[in-house]
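So that you can tell them apart, the chains are marked A, B, C and D in the order they are listed, and the count of residues begins at 1 in each.
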């Protein structure tokens, strides 16, 4: 039974954020200004992590690395960029979990080994990290940080043979979820876990290559999507061109369902599915389930991730789709010490109600997920406060009942509100007039297959737990 | 014929911005933590100006002021906020025009006069500024900055009688567009020009009051909308409560049409009209004009301001509404020196194409306005490049043919592309498959009256030109 | 009787600073990279003010200005420097007095008048500022800041004739202490008050000119000292070369004694006297007065300003001169919140005791002045704590008994400790084994004339009080 | 023969700095606000390294670490300090050598091992680093940075037994120069290399303990000096109090001569010698060697490190001691792009000539060392340019002829100017009227023993070379 506890107060007073993804990775091979291109790519992946960023680059002979805390623009200075020459590069944006805000946990992490330098950027979570770490320590290995990601460098170091073989042997010892980028002075590698839990895709740009957590970053640098890296695959890009290796028999494909529901940007395509189209479809399915059961005047979504589901619901229900909530695009830290009354206005700093469409109206409100329930509760309260007559909350994902061990920062079962009360109680708690979640079967239908990870909904962990 | 030339390269490589509004103003009377409340209010008005911000506050005896360059969060430090005590406050966010980036032009501007201190925050442009300034200089007045806004302080200073009477006499000498907030040690004043060219509204919060450029900022601080300040009205808020004065016979009401079309946030209401609803209506009217004339598969808008028009068009045409363009919410300065090829990717840093909806499709693309045409051209090119079969551009405003003298930073006629070519040539230039603008009559219909300023469309200036 | 109260807690826990000078000014005429040269000059004057800095420049047609809070390196960014073209420039470093930390009080202040732009940088204090201001306000003038320095711009504006005549007429209305630099698009002016209370000197560099508060800044930019600007003189530098004008009959010369004692850098020369040599001489005179009256093992000074006096004392007394106190050169803000015990260590952060020379020794300790007495008390306590057997305090200036009205930030009489107790009580209060101040007559002898301002010692104000 | 090449252009145009020490370390055991105390201690050691700083702290259960680039005040934010709880702490200030400016090389470095966390702060250089590293890599160890200091953590990890035994065994494998501080969750260790090449001292504060590179930092935190850590000694401080261990038979003591000559602050005492007194003595010895051989009017030193030698010279020669050079205390980065002519003024930005004492005079100028000769040449040129008649340069150290392998950043023999020309040629090159270095025998006499490292003077390396 899961007991792990990745604590993070991700509902601060001034936030309406939801679950947080651990990170995004991006790499380029053989491109002039590789580090700048990586910067642009990471910019398109910034939604995957805002608490740290780093870029490594290589010029064929030397490997360079610069990293720092905060958003990309805060973490990497102009001076840093000037210290990142070369035509190959990898980068990382990071969402820091509890206790992990120390500089040593920023990525890429660079090993300076006798066989050369090796930088790693990692998205995901290794469930047997602590076992592996203990075993390595018993063999005399020393760890300088507390991150999972350092382990893979140690495992690689221990193996024999050429680097790709070392990576094969090292990865075969890992359980869990991972997409790795590795950079040496001369080559770039991408690896995806055997279940494909975390995404990774391959693009082409001129005579060079790009690897990215999401396709949206390919477009942003003018690269062309080639294909997803496959579960269990190692892609090696070097002067020999692109070569493919396997570190394992591929397992069942189980891409993280929350990538489709919440994390990925709507314009990305993952494992052949458009994120946007799939979100719309979940909305349609929710509408069909509601057909004849609820009367409402309009459909709206919580921006930005729930808008496609709301559009799909509107389409299938025939109800008008409206922008009932408007997001303030100017986010970032503030420098005021608000009064308590001002603190209570928190959610209004990020989300504004478009009064003209909700006044006296019955709303179907689409949201992507319910974790602790805090934000949903505030939004419903705000809508009613400013004039909505009814708010029927529809969640474009199943109830989150179990923690994630694959890189998503979920609270304990005690804090997962859907695990703590039945549907009626939850509906009352949130202040909604009715409440419905997407069924897992509908999610399967929207996706067109059951090859997704449903661990947080069903508690069955395709790659085990820690 | 207008010859004025407000130059600003507002189409830098990495921008898809359009016209820029000069500023936003916000004020509170009798509220604990007034400066913090103003900070929150300005945060909701940040879209009106990103190049400078300032806050003044008053505690009944002393008037304080802090201001700086950049976004609110850059301009005002935590230390600054600690230096702004008191229960009354006004603030300003500013869009800097050419040459005006010097510290002395930041607002609020504070006069330290024998009758007490007086802070002013100004949105708009005074067309007889240079005459007034010259006349004042002949009378021995001295100006420390180059902004229009300093003039009103001098005019007030010259008058006799109580402050409200001085303000009346001073404002009656001004021609042009203005919404002023004035703060003394004890009272707050709001003034709107006789044509109501620039917006200003009044809200109530507890036993205090709020004045704001837009209603969206009232909501963000938990204030209730009371009414718009009327053209020619002076609202005085003091220990005697709210009093109303007039500095002139009200002129014809002529609120700036571009406020409705582009500047204001969609959740604001101005002069009784919902910005959002009116934008939807312009979309519907464009659709009706197109009925039977254009075949397309879907409707999309350029985010964020053109989305309601696209929704309206979709509703009226029966075509599906889709999110074809996605905006990257992480804006801000970057620290790279991109290669030329990377520079050409500029627009992609801010806007991403949602390939899944445009592949092989014929799009109706709604945009709010065409100024120099640079951005529209790039977006159409990007859409076609990534798979759109046809792009039919519909502009939710009439052609901008004349410069603005009322606070909007328009280029010269030579740079206004719609003034330089006929519709067919423009369509070809932009790379669109067809192009249509909103008729002025449709704008009148959408608004429900002709009491708007159409100067930039028609060259008739309700408050004269400079 | 003086009642003015320039409050400033200039003895914060972590400071050993003394009196603070209001500012330093520096200007250049006809030099490539004028603003950079001014930056270098201000860097050499940074000891005269650390709380704000600004630079104006002119290219023959336009006048530019950039300014900000803090040290020069904090106030003026690289981007600011890039906005300051031209071959003429003036700059200012500022020590902020109470309440004056608002952006509007930074200098240079620029008037944008019909006759052109005029920037002013001011060191000193105008004693009839408030009268002049009131009078100007009665004539309808409006002031945007609370600084004295704005007044001169208004007075100039009111006069007729060519600019130099306007400056003459304006300055003749001022009482008090001032050194002004004025910059127009094309010319540079320097003015010194009729008593020469505040210093200003003239240098030559190639075919251009330099004006500076102190000669140390001439050296730092490679300029050659020409002469001091004379009391009552206006130096005009333009395409006609250097011209000299008088705004008044020169008054008695009364340069501020504290410039020689404390403010100026030791390598400066003022009114023909080397600061360093004069400080040494005060030390010699103190030694002579002590001859046969005090037994001691060594002489030391409080760094940096009291070292020459200590060297002079050692020379005249034959006692060895030692570095008993060492200054930590790394100053600046700290980011810790110290415990109370750590706070008590305050003075040790800036000054360290060289234990090897004081152990069991009887010290003659030279300090330049006693204001509130706080720092002297701490230093003596620290020296005894770490092993000094006796500390005989010798002050290289007379007792400060009266406030300054000429630009130096002195506390009220109540806070001037020498005005509150007799010599014996003060000696006990400070924890010294004996205490002696320099006599005014000795100061006259060291200077070689009585043409100094002794107002803070004797309460006679050569230019009146406010 | 040494071939190693630690390159660093430490004579940039705007610098008069000399050799650079690698770093300073400071630690406290059992003190409230331990991290703040370490901050204060590092502040007093800031002269030992300005390019990086870090602090680790421990509260008995957990070990925390924060570090960053630049001066202490830049590297450690207020927020960082708030993340460093506990009553034990160590810190580090760092001077970055070539190529080592990457974040991973900042210290303290923290190992997160199965036996607990271990932070290390290191001053010095390990000459068999590359051998040890290679050997460890052959055993499968992985290094994340390029610094020497990571090696010790790996060596410790590999050993058996209690931590102190592991440290013993690890240190016994090291050759070279080191002072280490180690911090665990509960205890503090200090180690000094067997030759005592790098300094480390022990102090007491209340019922807690302090370890520091120099005694000046003990005073700054109110601690009392107890004794130096002895060559080869391991000091362990834990709940069992202070215990002493040896990792080796102590070797000959050979403290770095340059610590006494240049690096240490004058108020520090090292191995029982006052830095200040020893510097004075070198001056006296130089004077004696000159007796009757050179005529001069005065003696001066290059601030700050050469002032005591100048004072000693003056004392022994009977010539007056004067402040001929004044240092501008406001250092730090500038934001100008100077013209070439301004660049040539470089040295004047940091050092000013006190013209009043040098005009027409013959100077004995004391400087502490000659490395590349660039700065001495500029200073002599400047002095003569501004009026000095003769400049007789006396160097308070022997000629530096060989590179250092023990932590000091010396250039290659090709760049060591004293290794490239004979005394006459060097004198001419520097523009001096005569030139004399201290003899090694005089250094021995001034120190009172020959137990110093003279490697850079004589090429004999007490702890071997790499």
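Just so it is clear, contacts are C-beta pairs under 8 Å (C-beta built on N, C-alpha and C of every residue); 3 or more make two chains touch, one makes a residue touch a chain.
Please read these numbers as outputs of a predicted model, since none were measured by experiment.
Of all the chains, the one whose CA centre sits at the greatest distance from that of chain A is C. Per-chain CA centroids place chain A at a distance of 59 Å from chain C.
Taking each chain's centre as the average of its CA atoms, chain C and chain D sit 36 Å apart. Centroids of chain B and chain C (each the mean of its C-alpha atoms) stand 47 Å apart. Among the residues of chain D, none is in touch with two or more other chains. Pairs of chains meeting the touch criterion: A-B, A-D, B-C, C-D. Of all residues in chain B, only 32-33, 35-37, 39-40, 43-44, 46-47, 71-73, 76-78, 80-81, 216, 219-222, 265-267, 269, 274, 276-277, 304, 307-308, 311, 315, 320-323, 326-339, 341-342, 344-345, 348-349, 352-357, 386 touch chain A in the complex they form. Remark: chain C residues 64-68, 83, 101-104, 106, 109-114, 133-134, 137-146, 150, 153-154, 157-158 touch chain B in the complex.
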